[in-house]
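Below you'll find the structures, each written out as structure tokens.
Below are two complexes that have subunit A in common, paired first with subunit B and then with subunit C.
Here is the complex of A and B:
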């Protein structure tokens, strides 16, 4: 390369580097720094000491432990369920011809609907008011069951609504990607398999699944990350005081530590954010390791 | 296993629904593919060859008509129970499976009493792989193979269940020219060794002619002609078949038959007994020209291409339907390139006449001698023995002189 051209590449990269440096890299480094500074104060820019005290505090905070438990439960329940159901629906969608576009539109609607609007729908379904117990409770009554308070009642009921909500919200995007992945599998493979007398189940398991495995893997990875970052959906359902509702999430905890009623603790918030980062990182690495064997890029 | 088509028809609804109507992809096919032969379905793109193939393997249902394998009617039998193996145009090898897994795949589908043990399957796969010479590549993935190797894997996968009928859809179209020559020999060899009835689809007439025991020429869903490649080439039933077969292609002229003599322009070039006066398309195969200073047929000489084995004389003629006429003559001949014109006499067997209106073949008896009765025109050539081959040269000589006399007579 000629010497004059040597720095040209960097010159072209400069705007992006500056922008990302200012708004991504610097804050990230800052978070690391805050998390190690005990009792950091925004206003006075002072702190008492450095060390792992913040982590220790956060890990012993019952609210944080509750948030971790909630987040893990949501991840474990919603990611497999939403991906699995989305796959089922996509397969069903791609095997029907009439009204396919209509169904695709219907399934995609929640994606373009505002989170809070969907939250309102869930309120109608589940919320107890002075006038009604919510639609679901009406159904339970119909079958002779006792009414359940889904929004302010027992923990499993709340978690059930929460997971249902998350699955409902993330599904459209997954269906969209999976239907297009299914459509891109060449018809010839199916014809070849059919002539060889392959059963429907085997065709799906041995041909369709490996062929769409890259998309499926993408959805699982982004699904994990998205579920770990769950926050706004919880707010939509249970209001801003999530700690009181026992439905806080890790991101919710971080937010509370920064701006909530108990806010003003950037050091704790940073430590919690770092812990979340470690968890997501670990899970993603495990995912990548598993994918090496089961995902087939062609 | 012989394959019989009875009135086989496939219609597709028109893609443009407003226009309505239907497209007839395969139109009332009636023919038989003999047991253990390699048969080429040949025709230009979109003539329904692949549709016919897919109906044989059961992936498409015929609109009308029946298909028989031997004595069994298989029309309503699903593909997996027909005992066919198919090789798709793009091979359709499962990209995430190794060569071995690909070949074994059909065997793993077997159920009940046919079920095989893992060892038996692998053994069987290896046996087939050896047949197509890919036993060294068993653990590779398809994308690590060349086009020709992928093709062999696809054939191995189709053969591993010992199909009654092997179907190949454009088997050579994805290969480069060299590999194509090699692979078509290979297909021929594999077919000979397995003796499985093989039907392959191609739009390349050279490919079809070179390896088929029989070719089936199709045009727009309609069967044109069936026969051994040489026979169809020598004796095409209509203009389409004559033009479709042969490289270089047949030279076409506008001609007229007057008083049992064939005129191209002002020249009487050939005697054609038994043909009434009519306007005709004249087709002359490139090898049908004999360089002859006194020949009846005069063309404007453009250039000479030397091939070594033979030479091509490129010339023009005002009544030719193409820009140039290509004639292939023996390299022993010396073409005088200083002259503006070149004269030929014609081999009668290589001159084909077609009705200007119907484009059907017009047969004439080859004069003086037997005449080839072409198997189809008994009424025209009845009772004549075929002893043509012995003194062909002599026949040509007679013709040439006679044709010459005619020209002089006219002049």
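Here is the complex of A and C:
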């Protein structure tokens, strides 16, 4: 073989390395540089000084604090709820035979739909207009409640629709992973338990749950990460001006700082993105520590 | 006698139990399907009928196609769809090429520094998109690539995760095939295209479909990089339609646009259901 052949592998890697270098490695370094440059001007590409001012600006910005509050609320509400309901549904799905495929297909549909598009449907269902109170409000009337504008009304109502929509969107992935985890639990364990006359609840608690705990734990971690990066679903429901709707998220704040009417501040955007990354890292580490106690790897 | 009774009551209990389960599953199914039903229903109601219904009707007796015509004529839905199609096809095609070459290098070729690079690649999987998008935006802006397809496509043609997925699959192809091909004097490139790719076609197709879904639904990057309507993809298009399109009140036409945008992926899903679900459970990240 010729000596040039030794490096041929690099040639195959070259496109991937070029793209990753330009659009992942370099930006990763650059984001920290940006975050330290104070008073950076995008047009002239100049800055006054270096330091931590950008972080302090972001942390004192009421819009950012609002975004942090919104994001944490969404995380705290949607992650446990969606994981819990997904577990219930998956267990129910695994216990039936006829129609199971049909249900699985239906449950998976939200995964392949455009969140911006379907968000509009949620919006018209919940929105109160001059012409109509919207379907959901009519249901509330039916039960004797007062009508609420869920899209431009009080904060809890908006948060409710937001969380409902997030759950609708994230459910397919969770149900899919949990049903395949449940299907892979070895039948022998169940049969052995049945011979001993173990109750259904006890079987679930003592066999099923430990056996699927790795998947469950994986879903909790990815769920936390995904919910912290919530953005498109909020735009779908409340439009692009999320600050005015009081429904901005941390990622939304980053993009608003970068671009749009309030944009042109990549330094603030970088600082906010780094803060987000640190929050996500911390939460993931805490999750990992907790899981050591409770997850059973076979 | 008694035994029969116990058996009967146990069977009854079982029946009630499975009834409850089916009821519960059906409720969730309704919750998932209802938005789809509502968007199709609204899209075939005429504008005047929709606005005169203070209490929305759950069905319509006089469906109309007018909204679909409006969606294609009064706003640029056709252009958004075409842009998205071009973006999706080129991005997916380029990505498949880049990741196949990279995965082949990792799975089959020996070269100095291979393990080090592979470890670095894996480390990149942990980098969240939000952290790098700021500089990418600056890069594309400084290169004057805003409002071009190149600007839209370039940052999303590599995926470390798919390289990893493909490398695992390539590595399962028996070594003997490679040596046999080498004895016959086949070049590496020819081996990749004539042997490796045909064998690993199922995984390649799965990765391709997942990328198509991702491209079709991408919103954040296109929004940052395009402000010229001529380059909008469907996600930005629908946002544009919502904010400036038909006038905020023409909801039926808006819903027609939503149906048109959602339909391609739903058809794709129904055609490749098993592939998509298997692929997502191996490599999906949404949620």
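Just so we're on the same page, the second predicted complex is superposed on the first by the 279 of 298 C-alpha atoms of A that agree within 3 Å, B and C clash if a C-alpha of one lies under 4 Å from a C-alpha of the other, contacts with A are read in each partner's own complex, and residues count from 1 in each chain.
Note that a residue touches a chain if its C-beta (ideal position, glycine included) is under 8 Å from a C-beta of that chain, and two chains touch if they have at least 3 such contacts.
Nothing here was measured: the structure is a model prediction, and the numbers come from that model.
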Between subunit B and subunit C, positioned on subunit A by superposition, is the outcome a clash or a fit?
fit
For A:69, decide between first (touching subunit B), second (touching subunit C), both and neither.
neither
Please indicate which partner A:296 is in contact with in the superposed arrangement: first for subunit B, second for subunit C, both, or neither.
first
Taking the superposition as given, does A:207 touch the first partner, subunit B, the second, subunit C, both, or neither?
first
Where does A:189 make contact in the superposed view: on subunit B (first), on subunit C (second), on both, or on neither?
first
Under the stated touch criterion, which partner chain does A:199 make contact with: subunit B (first), subunit C (second), both, or neither?
first
Subunit A residues touched by each partner, larger count belonging to subunit B or subunit C
C
For A:34, is the partner it touches subunit B (first), subunit C (second), both, or none of the two (neither)?
second
Nearest-approach distance, in Å, of subunit C Cα atoms to those of subunit B in the combined model
7
Subunit C-contacting residues of subunit A that also contact subunit B:
none
Residues of subunit A defined as touching subunit B within the complex
186, 188-189, 191-199, 202, 206-207, 210-211, 213, 296, 298
For a test of understanding, state which residues of subunit A touch subunit C in their complex under the given definition.
6-10, 12-13, 15-17, 19-20, 22-28, 30-31, 34, 42, 82, 85, 88-89, 92-93, 95-96, 99, 103-118, 120-122, 124-125, 129, 131-135, 138, 168-174, 176-177, 180, 219, 222-223, 225-226, 229, 231-232, 235, 239-240, 251, 254-255, 258-259, 266, 269-270, 273-274, 276-277, 280
Given the complex with subunit A, which residues does subunit C contribute to the contact?
18, 21-22, 24-25, 28-29, 31-33, 35-36, 38-39, 42, 51-56, 97-99, 101-102, 104-106, 109-114, 117, 121, 124, 127-128, 130-139, 154-155, 157-158, 160, 163, 188, 213, 216-217, 219-220, 223-224, 234-235, 238-239, 242-243, 249, 251, 254-255, 257-258, 261-262, 265-266, 268-270, 273, 276-277, 280-281, 284-287
Mind listing the subunit B positions that touch subunit A in their complex?
57-59, 79-81, 84-86, 88-90, 92, 94-96, 105-106, 108-110, 143, 157, 161
